[in-house]
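Only one structure is covered here, and it is reproduced in the block below.
Per-chain numbering from 1; labels A, B and C assigned in written order.
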């Protein structure tokens, strides 16, 4: 029989994909398992299938549960648009909008997860399989998962659509896995975009994962994975890119924009790379290495921190002050080489008031190598408040803020602070004698030469 | 109804895609707008569509005008081949060629734009929509746009197919946009490949855009975009990668080959990254930062400049001399770190004669940080003229030239020149005391140590 | 006629793709050539075609021979799983496995190549065309090529499935070519994954090429190509990424895991880049520049060498000892900048016993620039032998080994060794005075400052 391993959710005889695409896909998976029942027949037997989601709006009421290898779910459109701008635009303006929802091959996640049931329960796509081998080569490509709305967080702010909370996860992988691919997706308005446990050789490439509470989270333990060429931007209290107890990750060429609590947060991650990314944040703590991260490379990245220019979000931040470090390092033998770091802020917003902001803060460990980093710190000169721009003008507000490099003076910062707990570090050409603060009897130092001296 | 949002240009009932695919696609877009007329119905309503272009030759007479979000136009083949070699090969040889045109899912741009009508008028695909929200998530993937021929430029050279002029643009985006994707395309023999105004989170990835007058141009103003993993190579008077008034661009892992007037030209671009690219050029001015570019990072790139080895193009260049700088920087607080820069040229081709070529030329601004760059300058020893190789042997001529590293002597160059107008720059390990020319009383300097000294 | 250039191997009237997909594809190619017979008709004529391979198991008995441009062969699943783990797992355990073979759109290479016939004879897909122009824009995407088994190598080890030998090649390109793309593929259990001669503007991106004897090999001569964003890992005697006589290659953002004899091996390669990769190896000789490689850039890479932790493979290695250099450079004017290099090994495994391992070994040439590299060398403290872990627990064994950064002491190494044959090199901030061994009268040196000195 031909074409038996190609499914189209709109042509499958069971269920209605417009009303519950989850039930349809689960039915397809059952069909695959029924048809591909024998593990070894004629040197094969379980090649898996592809499930196609044409452009359209598909409500998901039933969670999809994937426990077969070699399943590819693919659409024809990542369908991102900014729901954040939309939900901060007055209804009177919205009435004239061309469209108000994301699109493409779009899953509307219409589940009602209970917080008590945990993250897995709130997942639109839940991958889990016990036994051996690890589930392999599941692929998600080129469709949109939209969490629709955020919900009130009980803070009394009465600002539900800006909470980044709704208990929903786009893709949740709960068991050890190999050679998965998540590519070309659009994920939006989910509390968690992609959460993967125990990954080996996972690729998360070329996705658009933004306006999610958290975007990419690697949990459990794992190795040899890549997060590359994504557009990423979490909410003010979430992670844009997070990993714990992983080795050999390559975080490369991502464009990570605000407003994540961090751009990259590693916990106990070792022998991994963060190279060639562009990071933009509104808060300190852009890159955090916690819980003894060792032997990682951070190179050729562009870091920019400035202040939130868009009125609806100016009341939120990640709670960290300017002594935390734009980058904070807990761990040993890491390398920070050849990065550009820009911080620009009106001095009246520095917290605590009048402190010198810390750019790279080494809080523990030893043997870190910090060399050839260029740190540019400028104080914006106060302008008239821009908050009278309409909320729908988010784009022009942001770009205008970014382009305003001229209207500033130099800001005095500590470019590198090595805490007493940390020793045998080497700091080269990453700040002059006054900008680098550490015990020079137990660390090595060569200051960036100062013009005219 | 199923599959309603999937179109195939060869199966659409209106028009003939072989004769005018533009009219067919416009008819499809009208159908999408007619079917998806309501902005908000059942949490959706305008998911867009996918239009498939199977492999084949499709003439485009009517400009495609796109004003709907979430439209994906996709083919099955980028179809690049070198029309430049073909048009410089004698007809007698061509008679034996297997094929002479590009292929794949190929659009033959057969419009006759008037220069007076501007670039938009000459576009095969023209995206424009007023009002709100910005048009979002339009995607172009995996097809070929071929401008067919260049035309005489009135220079009297009688060399029409080598002018890089025909008034045609492949994709022209004329209004503010969000989360567009241009991936896997092949663009050839267009005066402008891709021109995008006012982009937010634009991805231009994995394309093959070559033998175009200009390849990638970001205009207006914009932010947070990525140009990655492309093959790019403009004509001798055009831009390979150009941007103006953008912030937060990531230009990463591109392989940019000759013969663009520049490899990267930024004008008023700030807080952006150029990392991990391979650049090859035949002229000075490979990377130009003009009009006060600030806080950009240029790192881990490989720059190579040598002389055009292919006879048909040796009479052309970009008009710049060797004092212009292989890289020219107008702006402040930029970082040039960890780049390799090779220049190799027969001294008889240096312009003005016998000057010391300038590699990095800082012409204005302040606070630039230039560190750990390795500059290799060699003088080729003259060989017998290779121009008697047949024009069709472009490939072997080019590779032979590139591989000939052995036959050279050291060339005396100024590795870094900081003009008087520019102050407070820092130059470290990017040339020795004699190779770096600047006022050391107002800039900081540490020379690369010299062997044996 | 519509859709004539779109083929589906399961719907083509000739042959049975389950029994011999090779014969089916050859028949399709013959049909394309028959239908597209005229080189220039109405500005086109030979646009090529797309051949779709749905998910499924397809045996290949007849070699596919490709001699038409613009042919795209595409599947819906790379289908990788670890056959290496499977073949090292006892049958009693396998009986409970969910699946045992790779999947996706999977080619089972069931040919019986004779070694005497050479690599081309053993290729599943063989691309070759004489004459002009060079064959262009052939694309392979998103399917799996599985060599099924390795065979006994006559070594007497009686370990056939671990020999990485079977005479099979996945894709072999034997003649000059332009603008090819190999993307999203899964290649496994082939003696050679992808071998391409004489490439121009070749893209090998986003593939999973592992458990092959050799993975990516660029031969002959060529230019301006890209190997990016791949997962790669060859066998203990093969190359993960190999190139000879190429210029302008960009090897970028790959995650290269063990156990290749090398991660990158260049022979006579010039003016190329190795940037932003993550390399992991179990042996010395991770990066080898042989036969006078010149003007290449190696930057922002993470290198890790430790010892094979998985029992079935611990008896194999690449035969090199610790004096060979983790990186060995034969050539001139190369740049090694801003890399992190970790070596961790129990001192009892150092060969020859008790030598100081060499990290960067410059064996010939001149003018190399080695700056801002951070070399971390640690001696693992012996633990109880982990080889009693079951072989199927490869993943947890590997990750546990990688995460064990704490249990070690500093290891004394030569960070940079410049042999007498090599002169006029510059070594900066890549080891202290004792760690860098070279003739300081003919090379330039600045040691990394030492803490407390």
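Quick notes
Please note the rule applied: a residue touches a chain if its C-beta (ideal position, glycine included) is under 8 Å from a C-beta of that chain, and two chains touch if they have at least 3 such contacts.
Protein identities per chain, from UniProt: A, B, C = Inulin fructotransferase (DFA-I-forming).
These numbers come from a predicted model, not from an experiment.
The chains other than subunit B, kept where they are, remain one piece by touching. Interface note: subunit A and subunit B, two copies of one sequence, contact each other through mostly non-matching residue numbers (shared numbers fall below half of all numbers used). Look at where the CA atoms of subunit A average out and do the same for subunit B: the two points lie 29 Å apart. Shared contact sites, meaning residues of subunit C that touch two or more other chains, fall at 229, 253, 275-276, 299-300, 337-338, 372. Residues of subunit A that touch subunit B in their complex: 8, 10-11, 54-57, 59, 76-82, 85-86, 89, 93, 96-106, 108, 110, 148, 186, 206, 208, 210, 229, 231, 253, 255, 257, 275-278, 280, 299-302, 304, 337-340, 342, 372, 374, 376, 378, 392, 395, 398-399, 402-403, 405-406, 429, 448-453. Of all residues in subunit A, only 2-6, 39-40, 42-50, 69-70, 72, 74, 129, 131-137, 139, 176, 178-179, 181, 183, 198, 200-201, 203, 205, 221-226, 228-229, 245, 247-250, 252-253, 268, 270-273, 275-276, 292, 294-297, 299-300, 332-333, 335, 337-338, 367, 369, 371-372, 423-426, 428, 441-446 touch subunit C in the complex they form.
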